[in-house]
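Handing you this structure, nothing more for now.
Chain nomenclature is as follows: A, B, C and D, assigned in order of appearance, with residue numbering initiated at 1 for each chain independently.
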Amino acid sequence: MEQFKIYSAGNFITTSQSLPVVNPYSGEQFANTWLAGKSELEQSISKALSVQEQMKNLPIFKRFEILRTISEGLTYNREEFAHLLCMESAKPLKYALSEIDRAAQTFLVAAEESKRLPGEILSIDWSPAGKGKEGFVKYFPLGLIAGIAPFNFPMNLAVHKIAPAIASGNCLILKPARSTPLSVLKLAQLIDKTELPKGALSILPMDRESGNQLVIDERFKMLTFTGSPEVGWKMKSIAGKKKVSLELGGNAGVIISDTADITKAVDKCLVGGYAYSGQVCIHVQRIFVNKKGFNTFSDEFSAKVASLRFGNPENIDTDISVMIDEENAKRVENWVNEAVNQGAKILTGGKRHGLYFEPTLITNTKPEMLVCSNEIFGPVVILNSYTTFEQAVEMLNNSRFGLQSGVFTNSLYEYNYAIQNIETGGIIINDAPSFRVDHMPYGGIRDSGLGREGLKYAIMEMMEPKLIVKNLI
Amino acid sequence: MEQFKIYSAGNFITTSQSLPVVNPYSGEQFANTWLAGKSELEQSISKALSVQEQMKNLPIFKRFEILRTISEGLTYNREEFAHLLCMESAKPLKYALSEIDRAAQTFLVAAEESKRLPGEILSIDWSPAGKGKEGFVKYFPLGLIAGIAPFNFPMNLAVHKIAPAIASGNCLILKPARSTPLSVLKLAQLIDKTELPKGALSILPMDRESGNQLVIDERFKMLTFTGSPEVGWKMKSIAGKKKVSLELGGNAGVIISDTADITKAVDKCLVGGYAYSGQVCIHVQRIFVNKKGFNTFSDEFSAKVASLRFGNPENIDTDISVMIDEENAKRVENWVNEAVNQGAKILTGGKRHGLYFEPTLITNTKPEMLVCSNEIFGPVVILNSYTTFEQAVEMLNNSRFGLQSGVFTNSLYEYNYAIQNIETGGIIINDAPSFRVDHMPYGGIRDSGLGREGLKYAIMEMMEPKLIVKNLI
Amino acid sequence: MEQFKIYSAGNFITTSQSLPVVNPYSGEQFANTWLAGKSELEQSISKALSVQEQMKNLPIFKRFEILRTISEGLTYNREEFAHLLCMESAKPLKYALSEIDRAAQTFLVAAEESKRLPGEILSIDWSPAGKGKEGFVKYFPLGLIAGIAPFNFPMNLAVHKIAPAIASGNCLILKPARSTPLSVLKLAQLIDKTELPKGALSILPMDRESGNQLVIDERFKMLTFTGSPEVGWKMKSIAGKKKVSLELGGNAGVIISDTADITKAVDKCLVGGYAYSGQVCIHVQRIFVNKKGFNTFSDEFSAKVASLRFGNPENIDTDISVMIDEENAKRVENWVNEAVNQGAKILTGGKRHGLYFEPTLITNTKPEMLVCSNEIFGPVVILNSYTTFEQAVEMLNNSRFGLQSGVFTNSLYEYNYAIQNIETGGIIINDAPSFRVDHMPYGGIRDSGLGREGLKYAIMEMMEPKLIVKNLI
Amino acid sequence: MEQFKIYSAGNFITTSQSLPVVNPYSGEQFANTWLAGKSELEQSISKALSVQEQMKNLPIFKRFEILRTISEGLTYNREEFAHLLCMESAKPLKYALSEIDRAAQTFLVAAEESKRLPGEILSIDWSPAGKGKEGFVKYFPLGLIAGIAPFNFPMNLAVHKIAPAIASGNCLILKPARSTPLSVLKLAQLIDKTELPKGALSILPMDRESGNQLVIDERFKMLTFTGSPEVGWKMKSIAGKKKVSLELGGNAGVIISDTADITKAVDKCLVGGYAYSGQVCIHVQRIFVNKKGFNTFSDEFSAKVASLRFGNPENIDTDISVMIDEENAKRVENWVNEAVNQGAKILTGGKRHGLYFEPTLITNTKPEMLVCSNEIFGPVVILNSYTTFEQAVEMLNNSRFGLQSGVFTNSLYEYNYAIQNIETGGIIINDAPSFRVDHMPYGGIRDSGLGREGLKYAIMEMMEPKLIVKNLI
């Protein structure tokens, strides 16, 4: 069985607590790694603090070279990385490959952005008090950062912590999800071969106590967390003085106008709704279709949902596989049952088979049902109709979340209305809300989070402005 | 009869050549000013060169105060300024008042932009050669500038030279049009009362020889010209090493889609087509209507054109008055006759009465007719239909000009297509191409000009970047 | 006795709890106002929520007009405002006048910045996944904001909440300090006369319970607090999901190099150290002088400190007057005594007379003494010498705070070293750390705060980015 | 003998006029290529016009891939490219290698910048006229561009035309220098293998008549020229309506303050003064040393100049080799003789041996001597002393050129004074004026040119802004 050492303070180590890693599809353990405890974490912190000055002063061409080298390494070994990711997460291979490609892109863009850290020049003499002075603003790294990554994109969402930290000259201690720590530990092996100062990055699966330390320890200047809303907001309240960035989930909605191209909308919503069993922060959960096109859309969509291919994630033709664990599959089952009991109607799917939940389409729901109001994080999509566009926007906004949304339309009026009135961090026009490329600003409002990722934006969150005022006289 | 001294090197002076100013509507001289000759120009140049350093070092709060004071002075005396402008140009009073308000806004925005002169910080160490270095860019005034302004917006187009010159710390010698020199000379009286260094600005009506000197003299570092394409491009070829900015004319087109609000389009095109008898660089000259809506548009538009009120420009109800001079009125008459002789059809108007040319609407034209292919600069609009939007864009682009254009549509597809494919400096969606506010970037491509005005943009054209690379080691 | 009604939900009202306002210099009550309780706060919140949409959609020219009108009103009534401020705070008149002028400038700059709310265009097709798409980012107001302002700049630090809130289209409920609520309530009278939607701004002195509600109520989307570190950081931990911006204090340090102009440094440090009895967040608390120039500096500085004129704050010649209350004066006395008991030496001053604490200069201190390590917020300055510049920077950085700092030097090496290594939010070269103009980014690192004020920066903190991705195909 | 076909309209072709290429060091022809005549040029133009639309619409990821592939190709074949460059230009191998590395970097940065083509969002409703409107600015490629490159950096200065043209979506026809066409024709072979649309780039050595056509043909929308001032300014006057960018030469000056590190200054000036025999636009031509340090500097510098190693450029140890041709070597000889005849004193060097001119240091010169006032473009440096820094700046500014300058100082006052008062496009603090990295803005004022290169800046010059105003109501 393969052993993956954890990466602490520049060394690959084992600890006293081993962590078996299970393939959710087969149900069998296929690898082993370790959990960091308090002492490993402490070592990682001390080492990171001691190289922080070196990181801050790393010349740009070095940062660039490090990041580009990692990017190229991922591309070169994409099959191998994708396979491992597939094994630990049950993510179908085609999506796993795409995740590795995106992670390579994330490092590449970070390499480029490291050259373009912002600065600003400003005149100071706007009033006589400023006479003879001019100012400028330079950005400096915050210091040591704690990162916590989720299971659903074990590689790329971790890379969205690692790459901007290196680009901005910060040290980072990253905690991957316990269920999916391997691909990112394999990444550590690539990173370790670059000229990144040893100890600038540690990657540590952790027990609960150590994980908590990441949140409360004041030596961390920032906590960047991707995960569930409940956990995220609680962390914020105990994080002390550090900056907190939260990338949480949502119940993304999409509007299909009567002016839209229905077939295109169906295809985009199909991928957006069921890729990786909907275990995606911006998974298409709620679809609102203009009543004129509702039946057409509903028929076409149901048929395509029903034809999704279930199977072994390692098979390149598999569209959908098992969920991450039984607990989650059961949770989804319960929510669907609650909806049906309260009057909702299943158009296709609806059943659980062990860890597998069928791709499911439901209609006749009410906003307060769990499948609507909460983040389902499973292969379930809700379909309802609307009469006016303004009403559709109101239905979409009727949520405690606000991450991304989609609008399919050819009306300039609806386009403008959507931009002005939809309350989500991102609005995707003529594509699903699940659209993301790695350089775009990404993040939610309301309960969906705090701050933005996307390289340039994540880098900015990891830096502190310093104003210099210079007297010329 | 009122006498307006010219403003040379910080003094109000007379010269040996007097310049009578005639009211085009009454045909009578109502005021007198003077032409600067070679010696007055030389004095203005020398004085300007001697205060250039002082201008460059003028603190921002001084620049701001000077510009804001002028803006407030214009607002305070708007009626008086508008009346004078009306007299010299035959511009209907309502448009004259609006021009003074805009000139006040132009100075106000310049005041604000003077605080925001740009700068840039850049890292230099992208390769080992740059190790230990960082850079920044500051912008400095170019030096002495020559400005030439046209008759059609005697105040605001001159102000678009004056205000950015002051904001950017440059000296300026401005030549107004011979027919309309008064409002801007009255403005000089306002400016002279501020703390602007004496001689930083001269305003000189000129004879041909001195005017030419503005173009060829190498002590000017920039020539900023607003006027006709023929004159402008010729100037560029003899301007030597100086920078040249040209704001020329066009034959602006507008597309009315079948998804548009027809009544709104009619109203916007009416003002865009006939305000100040079409003597406007971005006057609506060519309208392309989707054939589905052509008759509706044509009927509604013709009726409204026919009901425009002719009269004394000093009357607040007057919509249209005489043109600037008989030469131009006759030119328009000839072009219209040429079109009719070649098969075009007049829907309304078409006749000249002395300096007055009736508001005229023509259809059935061919692209090569003078009324289509050249800048008409008169109250004439061409109306034709199209079948597909792509064809409409092709018809609109079929011009040697490219200043501004308009598109009335509610189709997102057409909106995107227009942005990507219409070849003009500005595209106005759901308004006429004659739309302009003074802070927006304004200027044409092709034969319509070189460079952009609009305060921030004009200021940038008047400045030179200076890179500083600093070795930190 | 003058009565100042409080400003709740667009109305000037009284409540059941009156709040007497005392002149600290005379010790007598000279005015009366009221405390808002739970119900007044609730009314203000409800009203604000109901006008939030109107605020978001307020055209820019309206925001501009409102802000500029307030600015002009302050300038027009500056004497009256300064007098009132002087009475409630014991701030010497010359500083009170300057504060009103700055508040007028703060509103003016906010007016200008409202026109320049940022946006961003980005290409999305950096990878094949983004083909045919482009994106842009627009910024929208966060929603309802809670503002808490301190006593030491009762007007201008409140205006740094009010002006950016209006400029960014947000509603605000502001709590002024209990001791100094009057000048800002008088400002409310000015604001009420503008076209600002009624209820968009409430200004409410509050009892402790209501004040706490500002912090914990989730209907507020942001809390912007200026005040003491202890209170600020505690608020952050109970603020829930809302964004928190903290402008706290510090123990600002300044370095006087042997290459500096000593007389200039003395004069700047004198004002920076003793203006408003040091009750200033960026008051000069710690001076580090190169040992070569220490005696010269020390002699010149002591003499000037000793000659500061104590008196009635309403007298234009008064340099220093009483502190805000006896509690604070006694606190300063205790800290100074502690220092002396542990070996520090008083060069001048050191005694308390009721609310008046003499301008005091101390040397031979140790970093752990309260006068060094804590924010003194009183007329006390610490003077010590250093040997090398690197050591001076280390001494300056040896603090849990990091707001602003000053460096007097003519060495390019020291200039570069300072920028790279001093750890404060702002570094003022050749002026005191107490330098601030209102448009510059202002805020601290470490315990000194979170986020930046200064109009453009405060506005950014009050807005949320929204990404729009548009499919062009 | 190696044959290099020229690259016209996507094909490698020969023509009726062959062009022998001579190794200046050996004096022997070592390769052959061809001159394009009118018909080849015409074919290249037609083809380019026909693919312009395709170039404009090339997705960003394609542009990126093309540019990065070229960059990697150059790096992979650097030795081979450097050898060829060395042969055609007599550039010593170490400098030739560095030029290839820089060309690779130029392509890489262009790849990155293609992702970051600028755009702008602006509010339009600053006055009631703009109510309900918002605007944005997108940049579009200008169209067909003519590029003319010089002999002295046959690869990298050509790449500074090619790379930004591709990045910005423009087509380009490039004319290399007749004496050094080979390395860039070899580059064409690399480029041809990428997915760049065929015909988007042509590389054509030309006869005089065809070269002239590049300048006057109105189908070119821009002329970007790097070469001599005389030729450049003349081109501008006959270039018609097209945009003109000129990168010309200068007589770069450097100031050595008494606060400077002399040894460092000597080493930097040695490379800056004599690399590639001073045939560099920003070659160190005039050194001004504070009289306190003059003798030290002069002695140390003379000794190092005298020890430069002459030899075969293909030898890695060679510091200096022959000039490009005898004509230039004789010109330098004449200028030096003129200076000596008028009283200048040679400190070292001064003699010509065929195409080799000795590295030469002269003092006691007068500003009007040709070696001072003109661009020497040879291995000659002028050394003089100054008394005050202000005087040194005046001496440096006393030139009709203004490309780059250097200042060695440790005085903050001098640093500020230099930035504010030196009149050159770039100022290098504590390094020689010959410093350049490829992403920095580069270009001169006065007779030294028009516009800026450096990828981001060159790209901007090759694009045209388009304003879109959108009505939201």
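One rule holds in what follows: a residue touches a chain if its C-beta (ideal position, glycine included) is under 8 Å from a C-beta of that chain, and two chains touch if they have at least 3 such contacts.
The structure presented is a predicted model; accordingly, all values stated were derived computationally and were not measured.
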(message) Based on mean C-alpha positions, I'd like to know which chain lies farthest from subunit A.
(response) B
(message) Please tell me whether B-D or B-C has the greater number of C-beta pairs in contact.
(response) B-D
(request) Return the distance between the CA-based centres of subunit B and subunit D, expressed in whole Å. (result) 37
(request) Averaging only over C-alpha atoms, locate the centres of subunit C and subunit D and give their separation in whole Å. (result) 50
(message) With centres defined as the mean C-alpha position, give me the subunit B-subunit C separation in Å.
(response) 45
(message) Going by the contact rule already set, what residues in subunit D reach two or more other chains?
(response) 115-116, 122, 126-127, 130, 137-138, 429, 439, 470
(request) Give every residue of subunit C touching subunit D within the complex, in rising order. (result) 59-61, 64, 115-123, 125-128, 130-132, 136-138, 409-413, 415, 429
(request) Write out the stretch or stretches of subunit A touching subunit C in their complex. (result) 101-102, 105, 109, 122, 124, 126-127, 129-130, 133, 135, 137-138, 233, 236-238, 240-241, 243, 419, 424-431, 435, 437, 439-442, 445, 447, 450, 452, 464-471
(message) Using the touch definition from the top, list the residues of subunit D that touch subunit A in their complex.
(response) 112, 115-116, 416, 420, 439, 470, 472
